[in-house]
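Think of it as A, B and C in the order they're written, each chain with its own count starting at 1.
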Amino acid sequence: MISLEIFGAWLAVLLTLCILSFLYDDNPFYKAAEHLYIGMSAGYALVMAFWQGVRPNLFGRLWPQIPTDENSSLFQTIWYSIYDFFNLITTGFGIFDRSIFPEGGIPEYDEIKLIYLIPFILGIFMLLRLVPKVGWLARWAIAYIVGMAAGLRFYRYLTSDILAQIQASAVDFSLDWVGVINGLILFIGTLTGLVYFFFSSEHKGSIGTLSKIGIYFLMIKFGASFGYAVMGRISLLIGRIDELKQFSTSEYHYATPILSIFIIICLAIWTFAGKGVSREHSVS
Amino acid sequence: MNRIKNILVSLGSLDRRVIFIIVGLSVLIPLLKPDWVSLPIKNKAHSQRVFDELNLLEPNSKVLLSFDYGPSTMPEIHPMAIALLRHMFAKNIKVYGIALWDTGNFMSTDAFSQVSKEFEIAYDKDYVNLGYKPGGEAVIQGLTSDFRTKYKSDLSGNNIDHLLLMKNVNNLEDFDFVISLSAGDPGSKQWVQFGTDPSNIPFTTGCTSIQVTDIIPYVENNQILGILEGMPGAAEYESLVETELHTMGVSLTPGKASSMMSAQSIAHIVIVLFIIFGNISYFSRRREDRNNS
Amino acid sequence: MLLKRHIPLLIVIVVGLITLFGHFIAHEGVNNFVKNVSTEWFDIIASFAIFLGALNMMKLHIKKIFNKRRNWQYSILAVFGFSFAIFAGFLYRGAYYLSISDVNAGKTSIVSNIIAEEINESNPLIIQHKLISSKNDYKIDKIYITKESSILLKDKLDPFVENIKIKSIDWGSHVQTEGSLFYWMFFQILNPLSATMFALLAFFVASASYRAFRIRNFEATLLLVSGIILMLGRVPIGDLIPWWMVSIMIVFGIGAISAPFLNERKTLFGIVGGGILAFIVFGILMGWNQNPPELLSIPSIQSWIFDYPTAAGSRALMIGIGLGVIGTSFRIILGIERSFLGE
């Protein structure tokens, strides 16, 4: 009997090798793994957004777990009957176990906050984008998100990214000559880099010269970014190969070598037999 | 002479699959045979700064450690998490774990579980793990005003008012230091903009290599105190911590990042050689075209 | 017009202004709304946006299957993947654990041994101590994906324990708990796929740099040289490169940078050859074999390039991006920027 752990290891190795097979060519293994990844990622994101975001922060505020007895108000009774109705739908009218809407309300908060009906309604409007006739209602929800992000970021970018950085660009002349030169390099690089991005004037004459110096600093920056990008990607590749190495031992029934040979054989068959046929079909 | 010229020109037109195989082997062989290539790790200024800043903290200081990464960037950042926790627990610093990424919960659980076995530490005595909250910068902003508007319970569901370590912790200013282990957005940048800059709290970060050049202006301006740059940064910090623990008489298993630096080095050399050969071939072809024309 | 354009604009303007000016208004209610309430609403609506994206994508794939468009067979896998994630997230928890109480007299040691073997605990006495000190239910520290797996342990404990309950982690916590189907799906399927997608880029970065990194002009040379120095200087192998090799690289670098400005090849070769010779002779005379200067150490050069020219370029970009963000934010708040409405 194969344990779930061994099965999981073989699955992980198979999927890793399917993605890596793209290095040979765009093949069915890769396409299959890619589509599986797309679908599962979407599902994962939806599940996490619900359990981590919507359920505690929205439903938990609208229907918190508060004691209900004979003294509960009429409003509370009607309100929680809506909750029970939602539960009825999500359990398939009793077919499935109670999951999303537990008995008596959602634990975490202790007070009903009806103001959270506003994001609930805006959220529903967002989903109505799927219905062409009323899809325009999503604009209201998008407007809230865009407005909030704009207001939030305006102040923070101004303080941390602009004012603080301009302040930091000032040269400290009290340092030794090496420090002063380095400070001047930082100042000139920052200023000329900014001049390069100033497109309201033509880059001619002195602005052209400053802009050109700015490009040089930016090129050095992009070269460094490239170097770090290579470093990062290689690190991730090392991580994957290390895991494949881990799964090539007898503990995991030599998953890596066996599956590697399997994929290579399949790709060879696909190359010499199937690929020629499929290319003709795709052309016609 | 012509033969050499042809070789040089053909060096510039290798099939990309040959390149892939060579890059793959340059990573695989050092991992399979680590004894063949063993390189000493020298510490760089940025990693040293992180180490020195944490060393300045007194025992019982409170450090907020944010796990803002996931399993796909684990090879770069998880070794940093382990090394940082080892350092802080060795110095008897109280660690408060949170996460701005949902996958951060898995990372924090794994890191605390691994390091707690190495030191005699206990939950709610030496560390707490409050878990993930969605919202990114909104969470950070909320923490600056009132912790309890964002966190009502820890990762295991315990009410945070019942936790000993959460006594007298009301907002971000009650922490002595903040560390973000960041793989993207939300991460270091958001911590600086929404958390540590407005509250003026010492902050450092360990991040993926891709982000380093974007974060460096904050480091130069001391908005971030030092930075652990990807896997090399993790290896350097592991080396610093191992030396420190050795002086304290503590011996632990070596960190993972250090063992992978050989593979990293060889792969870099291979890519640099490819760039050099590509340029040699380019100049040879250009000269040949000029001669022909 | 009113509903489709003016009301969304009004929402943007009002929310944007409140969020922006909330920093400057010392009123508890406003501050609480700006810092806590409004950001929570943002998260909730953003979560619905995620639902929309996921459902829309599934709608496209399902349409592709029904209309049998090209490669429609792969869309079945996409829909399967999505359905599996929904099943693991909402319909099947897994994450079963055993909770025991009322251990038969004198059988604590046997029960501890069975539990220790199950959870790979080397010292059963720790389990025994926990069993004795737990007043009511003792939760066995192992989580199972399937109920059948937990029943295997239950059967082993049945003869020695009066009360054994098979419970499951709460809904909601199951997405984060090891032993749930969702957790298994994430680590065994999603994580290998996502990590390998990223790792694949390493190969393409190598191939791209081989084909595209050419010393065509001065700017390209700067980019190339800076990238190479960083790649070598940031890893341990950079410390092993000897001073004379660094000298040769510096001279070649100077030659590469000045090549676009020199017409005579002989001049270029003269500079390069002379430079290499001068460095080596000077180095031997100055005893650099024992104590090479910092300038001839790749990590030091890399460190300086990173701390100063690179930081300057990054800072210029950061300020430029910051100015762009506040400009666009201001336009959005004033209702001038309407691209989000589809206009």
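The rule is short, and it goes like this: a residue touches a chain if its C-beta (ideal position, glycine included) is under 8 Å from a C-beta of that chain, and two chains touch if they have at least 3 such contacts.
Since the model is a prediction, treat every value here as computed from it, not as a measurement.
> Considering only which chains touch which, how would you classify the arrangement: line, ring, star, complete or other?
If you draw each chain as a dot and join those that touch, every dot ends up joined to every other.
> Relative to the centroid of every protein C-alpha atom displayed, which chain's own C-alpha centroid is closest?
The most central chain, going by mean C-alpha position, is C.
> Give the chain pair, either B-C or A-B, that is connected by more C-beta contacts.
Most C-beta pairs in contact, of the two: B-C.
> Mind checking the centre-to-centre distance between chain A and chain C? Centres are C-alpha means, answer in whole Å.
8
> Report, in whole Å, the distance between the mean C-alpha point of chain A and the mean C-alpha point of chain B.
19
> On a C-alpha centroid basis, what's the spacing between chain B and chain C, in Å?
Whole-Å distance between the two chain centres: 11.
> Check each residue of chain A and list the ones that touch at least two other chains.
Residues 23, 48-49, 52-53, 57, 152, 157, 161, 165, 168, 186, 221, 224, 228-231, 234, 236-237, 239 of chain A each touch two or more of the other chains.
> For chain C, which residues are shared contacts with two or more other chains?
Residues 39-40, 42-43, 47, 186-187, 191, 194-195, 198, 202-203, 205-206, 209, 224, 227-228, 231, 234-235, 306-307, 310-311, 314-315, 317-318 of chain C touch two or more partner chains.
> Out of chain B, which residues touch more than one other chain, so two or more?
If we look for residues of chain B contacting two or more partner chains, we find 20, 23-24, 27, 72-74, 102, 132, 134, 137, 141, 213, 217, 220, 229, 232, 264, 267-268, 271.
> Give the list of chain B residues in touch with chain A in this complex.
17, 20, 23-24, 27-28, 31-32, 72-76, 102, 132-134, 137, 141, 152-153, 192-194, 197-198, 208-210, 212-213, 217-218, 220-221, 223, 229-232, 260, 263-264, 267-268, 271
> Which positions of chain A touch chain B when the two form their complex?
Chain A reaches chain B through residues 23-24, 48-49, 52-53, 57, 108-109, 152, 156-157, 159-161, 164-165, 167-168, 186, 221, 224-225, 228-232, 234-239, 241-242, 245.
> Touching chain B in the complex: which residues of chain C?
Residues of chain C touching chain B: 31, 35-36, 39-40, 42-43, 47, 170, 173, 176, 178, 183, 186-187, 191, 194-195, 198, 202-203, 205-207, 209-211, 213-215, 224, 227-228, 231-232, 234-237, 239-240, 299, 303, 306-307, 310-311, 314-315, 317-318.
> Taking the complex as given, what residues does chain B use to touch chain C?
Its residues touching chain C are 14, 16, 19-20, 23-24, 27, 39-42, 44-45, 70-74, 102-103, 105-106, 109, 131-132, 134-135, 137-138, 141-142, 144-146, 149, 155, 157, 213-214, 216-217, 219-220, 229, 232, 235, 261-262, 264-272, 274-275, 277-279, 282-283.
> Could you pull out which chain A residues touch chain C in their complex?
Contacts found on chain A: 4, 8-9, 11-13, 15-16, 19-20, 22-23, 31-58, 96, 99-100, 102, 115-116, 118-120, 122-124, 126-127, 129-130, 136, 138-155, 157-158, 161-162, 165-166, 168-169, 182, 185-194, 196-197, 214-224, 226-231, 233-234, 236-237, 239-240, 243, 282.
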